[in-house]
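What follows is a set of structures for review.
Each of the two complexes below includes chain A, the first together with chain B, the second together with chain C.
Showing the complex of A and B:
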């Protein structure tokens, strides 16, 4: 059986591997003790593939790429790899006290191991589009490995208004490795907007505001898996 | 004809790059050539090695690396990786790819003023940021997890070498990388060069020095301040690498 590998941030990680997530715990309670299937699970079922989901919440793009490097031994002929890039301001920083990585992005940080001013300068610097070029550069070596190892690789982005959508539309339309490249654009039709138009809702919307989480809910994951399936099959 | 691809920082650059007009004699290697070698431009170790091997050379290191959007020519390891990634579609069976990793402290930073992705060096206190940022980043990057990250990135290059069939070799000018990862480096499958000669506190630069490699400063008795290798260093490196590569092919 072939394998579907998924890499990315919380938009790929799904529900069941996020038991410490307070919103997801509340979502489970709201749904009388069950969590819906996430898009990687639904997609792997449609494809008839085994699933290995390596998405991890709060990951930055460097970490996502590192995870691909760690796992690339597992990719085989006929497998499918889906990479979901995330927000470019995210970065990793070593927590010396615990000898572990800390995941950072814009917003609140623990000032015990990085100063606020350093964090702010790093985040500001990382918003430059050159860091998007870095992502496209990562793709080149993944694509080359894909070509030679004969697995299929597709990319999408949770950072809907920068990565991938910043490619000029005419050029983007011809790049099949980008999921929904025939539909998305920067101005008014990013992935999230397409999912919304097809009645895919967030957790916030599915719980009528009871759980204020803008990650996708059951219907959102279902729509995302269908959209991805159609793109891959075509 | 097969190709020798070379990636790395200034220690893998060719001398001839420093004689392109206009020649800047405040640059150590230019001064070395003009004032101490009578203007005769020696071959760098990549050219010497390619000649010995009978390979075409594509040197993508340091000054020959991609600039602007992808990182400065000073080259941090992230920029070096970018250069490898950009060239990866050109690698073919039986080519040789040699990757030199630079010191871990260096990092990429967008310079808004010059609109380029620059490489920040540890002594660059005039960088486009508050000096506290430099100090914090340098301290953070001295943690071994950053070296682990570099070694994880080997996996995809190794896998590509295996699937295409090119010959891959690594080395580094960073003593900390050798000391932290000596066991992994000495593993026969590591792709590192000269592994039988490395020890704790005997890194590549010390090994080269012990065999007669001298920096430009040493070769000209301190008349030029440049810690890059002179002719002796490039000769030693090319010979050592040649012997090791021939044994491993």
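Showing the complex of A and C:
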């Protein structure tokens, strides 16, 4: 059996390993003790593939790419790899106490780990388009590896208004490796908007505002898996 | 004819593209010519074309990105040598180009406090692990495309931390002593010494490059076609 590999941030991680996420715990309670299947799980079932989901919440693109680097020897002929890039301002910083990476993005930070001024300078610098170019350069080696090892690779972006959607529409339409490249554009049709148009809801909407989490809920994950499936099989 | 690809910082970059002002003085001192760099000398020894993508001042993020940019040029039986640089080096965008930053105070109006904090962060071994993750992907790519890959480390601290794992693994061009020390022991000297201190630069001069090319040749010759 072939394997579907997924990499990305919380928009890929889905509900697995959700014990530490307060909103997901409440969502589970709200749903009488169960969580819906996330899009990687639904997609792997449609494809008849085993699933290895390496998505990890709050990851930035460097972290996501590092995960691909460390797992790439698992990819085989006929497998499918889906990479969900995330917001370019996210970065990682060493947590010296625990000797692990601490993930940061714009917004509130824990000043025990990094000063506000350092954080702000890093985030500001990371808004430059060079950090998007860096992603496209990473894709070059993944694409080459995919060609040589004969696995399929697809990309999408949770950062709706930068990575992938910044490619001129005419050029983007011809690039099959970008999921929904035939539909998305920068102005008014990013992935999230397409999911909404097809009645895919967020957790916030599905719980009538009871759980204020804007990640996708059951219907959203279902729509996302259907959209991805159609793109892949065509 | 196959090609030798080299990636790295100033210890790999050619004199012509090394982006260093002292090199211009060195050229003048030598009557208008540069000596051949170790990359050129090595390509001649192994009978391959040379594509040297080393860039002076770069850190490991940039070195890896250069490899990504050029990876589609590499073919079966080519040889690739990547020199990993100092782990504290980082880069920021300055609107026009990536600006590579290393140890020492920033000269312009940038925030030195932020710079110090970033340099401090980058001394953690997680940044060494990051390089080894890059290596994992490059190795996999090398296997899939059937070219030969070799690595060496400009940073002695990084090499020392990893030395036990590296000895005897053919892909690592490893010297028991630090690179500079080994080249010195074999008679290599720096540009500063070669020019009797007229040019204040501690990169290798002509003899140093010759010795470095010999050392690398001795290591790789048994592993290439």
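The definition used in the following text is that the second predicted complex is superposed on the first by the 234 of 234 C-alpha atoms of A that agree within 3 Å, B and C clash if a C-alpha of one lies under 4 Å from a C-alpha of the other, contacts with A are read in each partner's own complex, and residues count from 1 in each chain.
Everything below uses one rule, namely that a residue touches a chain if its C-beta (ideal position, glycine included) is under 8 Å from a C-beta of that chain, and two chains touch if they have at least 3 such contacts.
Quick caveat: nothing in here was measured; it's all calculated off a predicted structure.
With the C-alpha superposition on chain A as described, chain C and chain B clash in the combined arrangement. Within the superposed three-chain model, A:93 lies in touch with chain B and with chain C [touch as defined at top]. By the touch criterion defined above, A:137 reaches both chain B and chain C. When the shared chain is aligned, chain B and chain C each come close enough to touch A:66.
When the two complexes are overlaid on their common chain A, residue A:210 makes contact with neither chain B nor chain C.
Of the residues of chain A, those at positions 66, 68-70, 72-73, 93-94, 96, 99-101, 114-115, 117-118, 121-122, 125, 128, 130-131, 134, 137-138, 140-141, 144-145, 148-149 touch chain B in one of the two structures and chain C in the other.
Within the complex, the chain B residues that touch chain A are 69-70, 78, 82, 84-86, 88-89, 91, 109-110, 112, 116-117, 129-130, 132-133, 136-137, 140, 143, 145-146, 149, 152-157, 159-160, 163-164. On the chain A side of its complex with chain B, the touching residues are 65-66, 68-70, 72-73, 93-94, 96, 99-101, 114-115, 117-118, 121-122, 125-126, 128, 130-131, 133-134, 137-138, 140-142, 144-145, 148-149. Within the complex formed with chain C, the chain A residues making contact are 66, 68-70, 72-73, 93-94, 96, 99-101, 114-115, 117-118, 121-122, 125, 128, 130-131, 134, 137-138, 140-141, 144-145, 148-149.
Interface residues of chain C, counted against chain A in their complex, comprise 65, 67-69, 71-72, 92-93, 95, 98, 111, 113-114, 117-118, 121, 124-127, 130, 133-134, 136-138, 140-141, 144-145.
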